[in-house]
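Look at the two complexes coming up: chain A is in both, with chain B in one and chain C in the other.
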Partner chain A sequence: MHYKFGEPAGRYLGPGGGYHVYSGSISEAAPQGYGDIHVHKMAAGEFNFQYGPSTGGLMESVGISLTTPGELINSVGVDPYFKARELKLKGQGIETALLMVERINGFHAASNSLAFLMAVEDALGIETSEEVQKARILQLELERIRSNLEVMKRMCEPAGFGVPTNQLGYLREKVSRIISSASGHRFFFGVNAPGYASIAYSGINEKLNVARQEFERIFYALLESKIFLNRLQNNGVTKDQFLSGPAARASGLRYDSRLDSGLLPYGDTPFFPAVREEKDCFGRFSVRGEEILNSIDIIASLGNLRETDRHVSKAGDGEGCARLESPQGDIFYYVKIRDGKLEDIWHVSPGVLNVRAFQESMKGNIFTDFHFNWESFGIWISEIGVVIR
Partner chain B sequence: MSNFWFGEGLRKGRKTEKFPLAPPEEPPLWPSYLDGNAEPYCPTEAIKEGMWDPGRCIFCRLCEPQYKPTGKQGIFQVRKTQPLLKKSFYIYKLDSGACGACNVELGTIFDPQYDANRLNIFMTNTPRHADAIVVMGVQTERMKEALKNAYEAMPEPKLIISLGACAISGGIIGKSPMEREQYHVEIAGCPPSPYTILEALSRARGV
Partner chain C sequence: MLSYIAIAILGISALAGLYWKRGAYFGIMAGSAYFAWSGFNPLDQMSYFILIACIVWILVSIYSISYDKHYGKWLASSLALMIMGMMAILQSTNYLLLITGWETMSIPAYVIVGMNKKDSGPAFTFMMFSEFSTILIVAGAAYAFFSTGTIDFSLSASYGPLLLISLGALIKMGMTPFMISEWLPIAHGNAPANASAALSATMTLMGVYVIMKMILLSPDVIWIGYLFLAIGSISILFASIYAYISENMKMLAGFSTIENNAAILSAMGLYLVASEPVLRQFIFMTIIIFAMAHSISKTGLFFSIGNSPGEYFGESDHPTSYTQRVGTMLTTMSLSGLFPTLGGLATWMLLEAFFMEAYSGGAPGMSAIVIGSVIALGEGMATGSMMKILAFGNLFRRGLGRKQEPNQAIISGIGMLLIFLFAISIFIVSGLFISGIPGVLVFNGFMITSRFGAADFGLISPDYVLMLITVFSLLAYAVFRKPRLREVPVWNGGSVEVDSYTSYAYSNNIRLMLRRVLRTKAGAFGSAVTVIDVFWLIMNDIGKGYRAVSKFITLRIMNSSISWYMIYMIAAFMVIMIIAVEF
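Up next, the complex of A and B:
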């Protein structure tokens, strides 16, 4: 296994499997300061307002409790376990388990399934070709473009900006169609296997270049819109370092598994982490926009990819893990395999750190800030509210 | 700036397809109607005695090449229509235990390529204003009550619609949140494609 159990090493990725995972180790020790989340005591004149779990205004079922004396929000609690699903993964073979892992977060299925498969490959000592590694980068960057478009679209909605909302939705659907024609499935379900990644490259660059021009017009116009910026600037300012993905990078933190995981050859591409200092919704919005443009450049640099042989399977026992950069941040999978079956499996979702940061960042904001800020973190509840058995 | 967006809207022109009056412009293969007749291994038992049940299928491709996708998007069943709702059809989504992909595909039918609003289909934020509840995902303990409350809050006449394999049959993840017979409309797929969702909702109104 290329990861080590031991003392905390590197930046903190989050809790999982009863451990605390860092960029350089798996440890029993939580990082200093991680437990220090302020617990609000209700004051006179305050009341509690429950939002969710089911409401048309939220993408997924989630319980949100807001404490307020009226307009100002003094405390927020997020309960991601209303729709907690139990996945029976232990004891399953890799093929069946993969079907469920893809569906832990269907919108980020490439990130989840590839992190899982790379952990399996680590456990079983399966080498992957350069072709497969590049095909994986292609999947991850297409998924990132689509996910960032979705978040940006949802940040325009509460501003009542119909035209950019629709145009970003149009581009998001265009990318879904690119994914569908390149991989066969709009969400990358059923396209991956150990040692293998299926995706056809032809025509992707041309389509993405057209999308890029359309996106740049919308993005730069939004960055000049005073009404829009007013809603984002100083909204949801984050204060601590326990963050992941675009939320971390918008807070001046150079956190990105593409920089330091070493599992995929991002060094051979024009990848650079988009880092900003604002720490607020505006920073998160800008980072996502810059990442879309960078992902298109990364894809263009990959060159033509050939189809690889399917099912490079290998039986055996072993323990392995893998970390990669999903659209919401570092995603980590651990597996233990015996006789080709999963004896143990757990994952760390970047959403856990980001939910915590969202709660802290909402304090002192007002109700109308809520939707912009929630959407800006790009949190997927399905990936957090899941119990692996 | 508002002039800019107005101009942008005009500049882009109409992006909406004519579907369902015309064939879909870019139908996905997975999911679509599967054609085959053998008895290959299927992890959800969607193939039994040579019959394929789209409501159990998660479109995982493990039955390829015995079963092949045709690209046909009509993988839905409408057991009851509600012609009263022809002029305006408000749906309320309920995520019982979905992975997120069904959620996104339902939202996609309001994007310019599909524009569900032109077919008088709208999303509402509260079950009190809904004509139909669209159930997504598997049954989960704490969402049982939310589903029951939402259903009871809806005025009559109301339709119950299942979206995706999890809601219809439990798919590969678990148990469906309602008995299959209770649904008036079943929209198959994992997740269902926006074309399938759009046509199924349109038919549910008796159009």
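Up next, the complex of A and C:
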């Protein structure tokens, strides 16, 4: 296993499986300051406003409790486990488990399935070819484009910007169709297996270049809209160090598994981490826009891909883990395999850290800021609120 | 002379109250009825103040009979004495009687506020401002005596008495110093509900009466008119804001009183500024209608609050009595300036007066536009604060345990009275402003027109408004019948936890939006959001500063020093001599 249990090393990725995962180790020790969450005491005039789990404005079921004296939000509690899903993965074979893992969050099916498969490959000592690694980069970057388009679209909605909302939705659909024609499934289902990836590169670049031009028009027009910027700037400012993905990079933190994971050859691509210093919704919006453009460049640099052989042995014992940069941050999978069956499995979702940061950043903001801020973190409850058995 | 009998009845009632509380209230009722009968003359516009006050006193007496059970004998006697003082003011033909009435009114009010709660602060606050008020009225009376040579009310060539007495009266109305002061809500909010009603509805009415009387006795001084407009417009805005954010229902009603009085003061300012005789007459009518609407509505509002288990919104609940809810709704509608209540007509007339003055152009026209806009803004805020009382005190929070509403009939009666007065307002308003448009079936005598010359400016037909509301309501009922209601459990996003929306949250948007004016702070003093009444704060600081300087001079400079004492005496003597010679 290329990951080691021991003392904390590197940046913090989040808790999982009863451990705390860092970029360089798995430890039982939580990082300093992680538990220092200010517990809000109800003051005179305040009441709890329950938002969700089943309500308009939220894409997923999540229990949000806002402590407010009216208009002003003094404390936020997010319960991603309100509608917790239990997945029985332990004792399952790799292929069966893969079917369930790639369905944890359809929008991030490639990230979840690839992180899981790369952990399996680590456990079983399976080597992957350069072609497979490039195919995986292709999948991850296509998924990143679509996921960030979706987040940006959802940030336009609360501003009442119907035109850019639908334009970004149209682009997201366009990317989904590119994925579908290249891989045979809009969400990469059934595309991956240990040591294997089935995706065709042909024609992707041309289609993405067209989408790029359309996206640039929308993105730069939004950045010129004072009405839109007023809703984003200084909204949800976070000074937290425990962040992941675009939320971290919008806070000036160069956190990106593509930089420090080393599992995929991003060094051969024009990848660069988009880092901004604003720490607010605007920063997170801008980072996403820049990452979409960078992902298109990365895909263009991959060259033509050939389909790889699917004959890889899946039997054996071992313990492994893998970390990838999913569209919304670090995703980590740990597996322990005995006789080709999963004896243990757990994961760390990028949303865990970002939910915590969101809660802190919401204090002192007002109700109308809520949706912009919530969407700007790109939190997927389906990834956090899942309990693996 | 006959009307002095009423004062005598009230004096006897005050004595009777020490032994038989109910007897005192019956005495107040009888005395007030007699006072109205003997003092009211429909042709004398100033006598409308007597009618208004007497209506309120009779209502207060009826309410007090059951409300007073929890209070000692001091309440009935003090209330009778206070009303006796007000009668003396309304009856006064000279400054001496006015001052006597003013003090007779103030001292029992101090006793009521002081005896009601253990906290002596509100009573001392009340007394301090009352004495300031009295000093200014005494000074104004002395000025009038020196300028006219008599203590009787007579025309004065000087504006001094008007200015001094008006400032004294404005203190009683909660508007000086610093345009708005928190003392009135503190004092009125700390009295029993029946006394609060009398204080807010009629003690401040005395201020209106005295200022109006002085205006009629003084030359038209336009700058005093502008002063009134400035004080009125600033007060109306701030009082409505503070009312909106108040969490104490009685304090809210107190701020509402300042807001209403500020509206009346603005009308009086406009009366001084306006030069067109017809418009001035319309403004005079506006003052009377507004005073009537405010006094009666505020009485109903305090009665409704008095029926609540606590003074704070958090302690209130939904009354079981449907009639009380209807009464409170109509009362708050009137204080919001909505039809079909007398308050709606009053607000319409006030805004019409300002619109008409705007046509005069120049400085008066410009100031009428600006101040009319501020008044409209204040009225909007007032609607918000009244809806807060209606919603959080009477419509929501059902089932907190209120068992009985002893005075539900009188509260609903006041609501009906406000509609009735709206319907008969065509008989109250001067015939000069009554007309009709038979061509559209609004017959002559059923329409009030605002005008500042020969041509009509605006119009309203209260009876047609009422008729249309009634007809369409009945029509809707005939067609749709009573709506079928189905009560379902509250849906809270799928969560079983249900927390109630609070009155605090209702008004927190204003706390946040006006953070610079209200000095809004989050999380201070264990409260979610705190605000500061800057006027009150400045006043407190000045008071503390004055006290510190006095203490320093007394203890450090003049203490046992005959030479400093002599210097002080000589300086004081010289200052008084200069004032006496100069004025």
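The working rule: the second predicted complex is superposed on the first by the 387 of 389 C-alpha atoms of A that agree within 3 Å, B and C clash if a C-alpha of one lies under 4 Å from a C-alpha of the other, contacts with A are read in each partner's own complex, and residues count from 1 in each chain.
By our rule, a contact is a pair of C-beta atoms (placed from the backbone, for glycine too) under 8 Å apart; a residue touches a chain by one contact, two chains touch by 3 or more.
For clarity, every value in this text was computed on a predicted model and none was experimentally measured.
A.B. asks: With both complexes overlaid on chain A, does A:Thr68 touch chain B (first), chain C (second), both or neither?
C.D. replies: second
A.B. asks: Just chain B (first), just chain C (second), both, or neither: which does A:Glu173 touch?
C.D. replies: In the superposition, A:Glu173 contacts chain B only.
A.B. asks: Name the chain, either chain B or chain C, that contacts more residues of chain A.
C.D. replies: B
A.B. asks: On the A-aligned overlay, A:Gly364 touches which partner chain: chain B = first, chain C = second, or both, or neither?
C.D. replies: After superposing on A, A:Gly364 lies in contact with chain C but is clear of chain B.
A.B. asks: Is A:Ala43 contacted by the first partner chain B, the second partner chain C, both or neither?
C.D. replies: The answer is second: A:Ala43 touches chain C but not chain B.
A.B. asks: Figure out whether A:Phe187 sits in contact with chain B (first) or chain C (second), or with both, or with neither.
C.D. replies: first
A.B. asks: Report for A:Val210: first if it touches chain B alone, second if chain C alone, otherwise both or neither.
C.D. replies: A:Val210: touches no partner chain.
A.B. asks: Per the contact definition in the header, classify A:Ala9: touching chain B only (first), chain C only (second), both, or neither.
C.D. replies: Neither partner.
A.B. asks: Taking the superposition on A as described, I'd like to know which of chain B and chain C A:Pro53 touches: first, second, both or neither.
C.D. replies: both
A.B. asks: Report, in rising order, the residues of chain A that make contact with chain B in one complex and with chain C in the other.
C.D. replies: Residues common to the chain A contacts of chain C and of chain B are 53-55, 61, listed in rising order.
A.B. asks: Would you mind writing out the residues of chain C in touch with chain A in their complex?
C.D. replies: Checking each residue of chain C against chain A gives 247, 492-495, 497-502, 504-509, 512, 522-523, 526-529.
A.B. asks: Can you name the residues of chain B that touch chain A in the complex?
C.D. replies: 1, 4-6, 8-9, 12, 15, 26, 28-30, 43, 58-62, 92-105, 107-108, 110-114, 123-126, 137-138, 140-143, 146-147, 150, 171-174, 190-191, 193-194
A.B. asks: Touching chain C in the complex: which residues of chain A?
C.D. replies: Its residues touching chain C are 43-55, 61, 63, 65, 68-72, 74, 364, 366.
A.B. asks: Under the stated contact criterion, what part of chain A meets chain B in this complex?
C.D. replies: 53-57, 59-61, 81-87, 95-96, 99-100, 103-109, 150, 161-164, 166-167, 169-170, 172-173, 176-177, 180-181, 184-187, 189-190, 217-218, 221, 224-227, 380-383
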